[in-house]
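Alright, structures below, take your time with them.
In what follows, chain A forms one complex with chain B and a second complex with chain C.
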Partner chain A sequence: MSLKLTLKKKPTVPVEAESICPDKMEGLGLRDIAALPVHHGNETTTVGDFFKVTGKSNGEIRLEGDTSRFKMVGAAMSKGRILIKGSVGQHVGVAMSGGEIVVTKNADNWVGPEMSGGRIIVKGNAGHMVGCAYRGGQVGVTGGEIIVHGNAGNETGNTMRDGLIAIGGNSGDFTGVGMLAGTVIVLGEMGQRTGAAMKRGTIVSMEDAEMLPTFTYACSYRPNFLRLYLCHLRDLGLPIKDSWIGGSYHRWSGDSIELNRGEALIFDR
Partner chain B sequence: MRIKSTEIVDTFAEAFEMWGTRMIITADAPEWADAAARSLTGFATSVIGCKCEAGVERVLSPDETPDGRPGASVLLFAFDPDGVANRLVERIGQCVMTCPTTACFNGLEAKKNVVVGGKLRYFGDGYQIGKRLDGTRFWRIPVMDGEFVVTDRFGVQAAVGGGNILISGASSAACLSAAKAATAAMREVPGVILPFPGGVVRSGSKVGSKYKELPASSNQAYCPTLRGFVPQTNVAKGVGCVLEIVIDGLDLKAVEEAMQRGLHAAVKPGIKQISAGNYGGDLGKYHIGLHGLVGGKVA
Partner chain C sequence: MGSTLRIVNGRVYDPANDVDGKTRDICIKDGKIVKSVPPKTKCIDAKGMVVMPGGVDIHCHIAGAKANIARKLQPDDHRRDVHPRLDLKKVNTRSGTGGTVPSTFTTGYRYATMGYTTAMEAAVPPLLARHTLDEFEDTPVIDKGFYILMGNNVLLYQMLQEGRHEEIRNAVAWWLNATKSYTTKLVNPGGDEPWKGHRNATITQLNDKIDGYEQLTPRKIITSMVNTVEDLGLPHPVHIHCNNLGHSGNYKTTLETMKATGGRRIHITHIQFHSYGGKPNENPTSKAPQIAEYINNNSNITADVGQVMFGRSTSMTADAPLAWMLTRYSNDRRWVNADTECESGCGIIPFAYQEQVYTHALQWAIGLELFLLSKDPWRMVLSTDHPNGGTFTSYPRLIRTLMDREFRKQQMDSVNQKAVAKIKRGHHMEREYTLQEIAIVTRAGPARILGLKNKGHLGPGADADITIYDEHEDKELMFSAPRYVLKSGHLIIDNHEFRNNHEGKILHVAPGYDEGIKDVIRPFVEDFYTIKFDNYAVSDHYIPRHEVVPTAKQ
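Let's turn to the complex of A and B:
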């Protein structure tokens, strides 16, 4: 039986809810969990002020109700599972290193910033800055997976260094901007300036994309490694077509204003 | 003990501890996966002469491989983990990376791992790309048909080498027929290979030789032509041919199960005796008794 947090009062302003994390709730009784602090505007309140806490802590936390104003859920999470039955606010899974977060609807901006492990699955759409470094940071995601079934906003994978980000729909502008390594796969269309200033790493799209002039076309070929990723994403429930798994991709190298060791692989129709 | 007209000799196979690994070789088409697997497992019959023993465990369908392509599962054994690692680097580098469209993945989850792709990557001369997916690191090495994908590390585990049965028959034809049936039955067992050509060896050996430089030499006790000449023979009256099947496995149970199945399958008309090779029990860690196998005893 998992721990169940049912929303009883919708906050008037966003709540910073770093306490909602298996690491912080492990071993606590229901009363202690309800007493954990959350920040509502300029007030320090408690989990119990907003949620009815029931069930038993077994490593999984279930959030029910409209939690779209709850920020930083699963912050620094290293284990366990959070199931958010609805939408969630910004910074979900920030700096997480393990475990799994599943959002059944949408996630606001900054999904999994600077995460190093674990998996975040968003069944709906995600906002801007999926899997990014914070402003001023040198390195974004260094491991783990972010799987968005719907669309994502701008700067997906900004300065990521390892790991996997997959977007089932479209991504906005600057997909993979400043990437250091890692893999971003977009099943839909990408916005403008894909891969700008990327040093290394891989950006994949199943739709045509306009590449920057600082990218150089190499060839159309069948990247065997991509089969591993696409089979993996299919196992995770993304609608991967057979033609994508066995197909050819146009390879572009870039960004030549940087190391030029990055690549964009665009599905060859 | 007899099964039908065949005598099962009350003896044991003396098997040794080795270290083993499993590779999954894939390619765009089954024939290329097969070509790479055959090349990799060539000249790998005896660890003494070839530094390793290797063979194809089985053919894999696309839904059984990591990248969804046709493939082959290959086992390789050597004396120690370093020996496995060195042979993998040599053989994957020379026999799989060279073969069009192939990729090579670790097929053994084990506590101990050895670096393989992490060494082969240098063939990429700086253009190689490392990736990590779901906790597994692999390398993309640029080659002339695209990229060669190889896992960074391969699992190795303590294994068993040198399980065997000896089939003695009246004629070569009878022995070959029995050996063919036995090898087919043994290959059904997961986790084993039969490293010799067609799974069968005719040049059974003993340790040492009258010639000092040779570590092994022909086992005259099993040579039918010497039956009337050597001081001690294991060739029964009426036997004109002896064939051996050697089995290497990832664990003792797999080797025993393969021996058990092979032993029963080899009981055919014209087969006088089924025995096993040993060194008196002083050299090998594992003693696999034939009568125990007939009675259904498996580890």
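Let's turn to the complex of A and C:
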């Protein structure tokens, strides 16, 4: 039986809830968990002020109710699981290094910024800046997986260094901007300026994309590694078509204003 | 009766008064050091500890528009280095951010925690004095002042072109008064103006004609300003950042600049950046021995080193063409280049000095060479040109590098060996700075060069800015964590803990001038500035706590 946090009343302003994290709740009694601090506006309040805490902590935390105003859930988590039955606010899974976060509805901006391991699954849509570096940061995601079943906003995978980001729907502008390495797979359409200033790394899309003039068409081929990735994503529940797994992809290399070692693989219908 | 205090049993290092490690009592009354206090006064027992005057930083960049832009440019720096607020009994301290360009409050607290009590912001365009003073108001504990940029001033150029020397003197004096600043600073004199007008234009020789001013050369600007400052009798001479900073082969320019003054006092700042041999656009070599020899033999020259420390830094300068050149070598994508109307330029680049990069390792080694070859520590003082060469929080590490031969050797062995091979070997590499010499290069020397008679020493009449360190084998540890710090007699750090807050004051000069000069400056400002002349001068309520440092004529 997992630990269950049931929302009593939706807060009027966002709450910073770094305490909702298996690492911080492990081994605590229900009363201690309810006393953990969260920041509500300019006040420090407690988990118990917003949630009814029941169950027993066994590594999994279930959030129930409309938690779309709770930010920083699962911040810096390294193990365990958080199941969010509903939507969640910004910065979910920031700097996480292990474990799993599942969001059954939507996630706001900044899903998994600067994460280094673990997995975040968003069943609905995600906001802007999925898997990014914070502003000014030199390196974004350094490992782990972010799987969004719906759409994602702008700057998905900004400055990512390693790991996998998969978007089941469409992504916004600047997908994979400034990537250093790693993989971004978008099953739907991408917005403008894909891969701008990327150094290395791979961006994959199953729909046609308008490439920047600093990207050069290289060839069409059937990359083996992509089959492994797509089969993995199919196991995770994304609707991967058979034609994609065996299909041919146009390879564009860029961004030539940087190292020109990145690639965009666009499915050849 | 004012508050009194006595420090007993400490080993005192007070080079200005020839006290070298003797056990002395220091008596304090009303924020000043006095000869004696009544016997029943409260005591600090400094047995086994080292007592020095509070540190004086002669050259740093801690406030004003460019520091603010550099902060905004590097949010990542702040996130990793948060300075928490403290709830103290008497007064609370404010939170802030650190990194290479700390926020105002953090700057004050961190200087104090390191035992520094005075710091001079080294480059402020006169137009932005108001901003700088506003930030100073929020920089606690330390006393502070700033130098105004006068090396690329269009109105002064016009006057100099026409030989109106009397008016130049009055104009400079008016500017010092209008901005509440401490002295004048020349940055790449003659270099910024052409840069603003033409792509990639700059100045490479002291005798180069400056674009748009047929009669002007950097040499004329330098000598004119040296004359002016001497005529005004400012406590600190002209503070010069020479032309060609950072370019290979620039040591010739530096030597020429020092010779150009004809025996009059000047202060050459961050001289490490001006001691390079080699050909332009090729790898530099070290010319530190030549520079150090010239300074050793000419007592009119003072300098601060501008040591490079490995790690993150922020290059922040009024030398706009230099900043543009640096963008080529930076490993960071961000940079800013800006113009300050008719007064100056500006460039900001986040930077990282790396041990394995030839140039960086050489710069580091040249700085050390200058320290080790210097025969007169009173005239070659410590600075890192914070945050250009490294942050002020790296001073304790630098002090250890100077005082600990083995530590220095270990570092030498771990950096780029091609660079180290370029350094002249010899007896001087074995030199270890003594505590007395450290007291000179970090306190007494800068205070004397600045002409601050009440700072940098512990004689009667001096401000009671005092640092008390635990004697420790590891000098980095020792100098980074003083046990007690007193500012104007207030105990700020008590037993390693921040216990008290203090506002600090503004140090500035107020030389006399002929009121008629306003009628000359007014039309120029009305025509070419974005600000009205009547709004230009900073009013006195910007300096609620201040001290006018007298000129030679006052």
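In the analysis below, the second predicted complex is superposed on the first by the 269 of 269 C-alpha atoms of A that agree within 3 Å, B and C clash if a C-alpha of one lies under 4 Å from a C-alpha of the other, contacts with A are read in each partner's own complex, and residues count from 1 in each chain.
Basically, a residue touches a chain if its C-beta (ideal position, glycine included) is under 8 Å from a C-beta of that chain, and two chains touch if they have at least 3 such contacts.
Because the structure is predicted, anything quoted here is derived from the model rather than measured.
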| item | value |
| --- | --- |
| Combined model on chain A where chain B meets chain C, clash or fit | fit |
| Contacts of A:F225 with chain B and chain C, given as first, second, both or neither | first |
| Partner, of chain C and chain B, that touches more residues belonging to chain A | B |
| Which superposed partner A:G136 touches (first chain B, second chain C, both, neither) | second |
| Which superposed partner A:Y217 touches (first chain B, second chain C, both, neither) | neither |
| Angle, in degrees and to the nearest 10, that opens at chain A between the C-alpha centres of chain B and chain C | 110 |
| Touched partner set for A:L164, first chain B, second chain C, both or neither | first |
| Distance in angstrom between the closest Cα atoms of chain C and chain B, superposition on A | 22 |
| Complex interface listing, chain C residues touching chain A | 73-77, 79, 332, 334 |
| Of all residues in chain A, those that touch chain C in their complex | 133-138 |
| Residue numbers on chain B that touch chain A, as the complex places them | 28, 66-69, 101, 103, 129-134, 138, 140, 146-147, 149 |
| Chain A to chain B touching residues, read off their complex | 143, 145, 162-164, 181, 183, 200, 202, 221-225, 227-229, 231-232, 245, 263 |
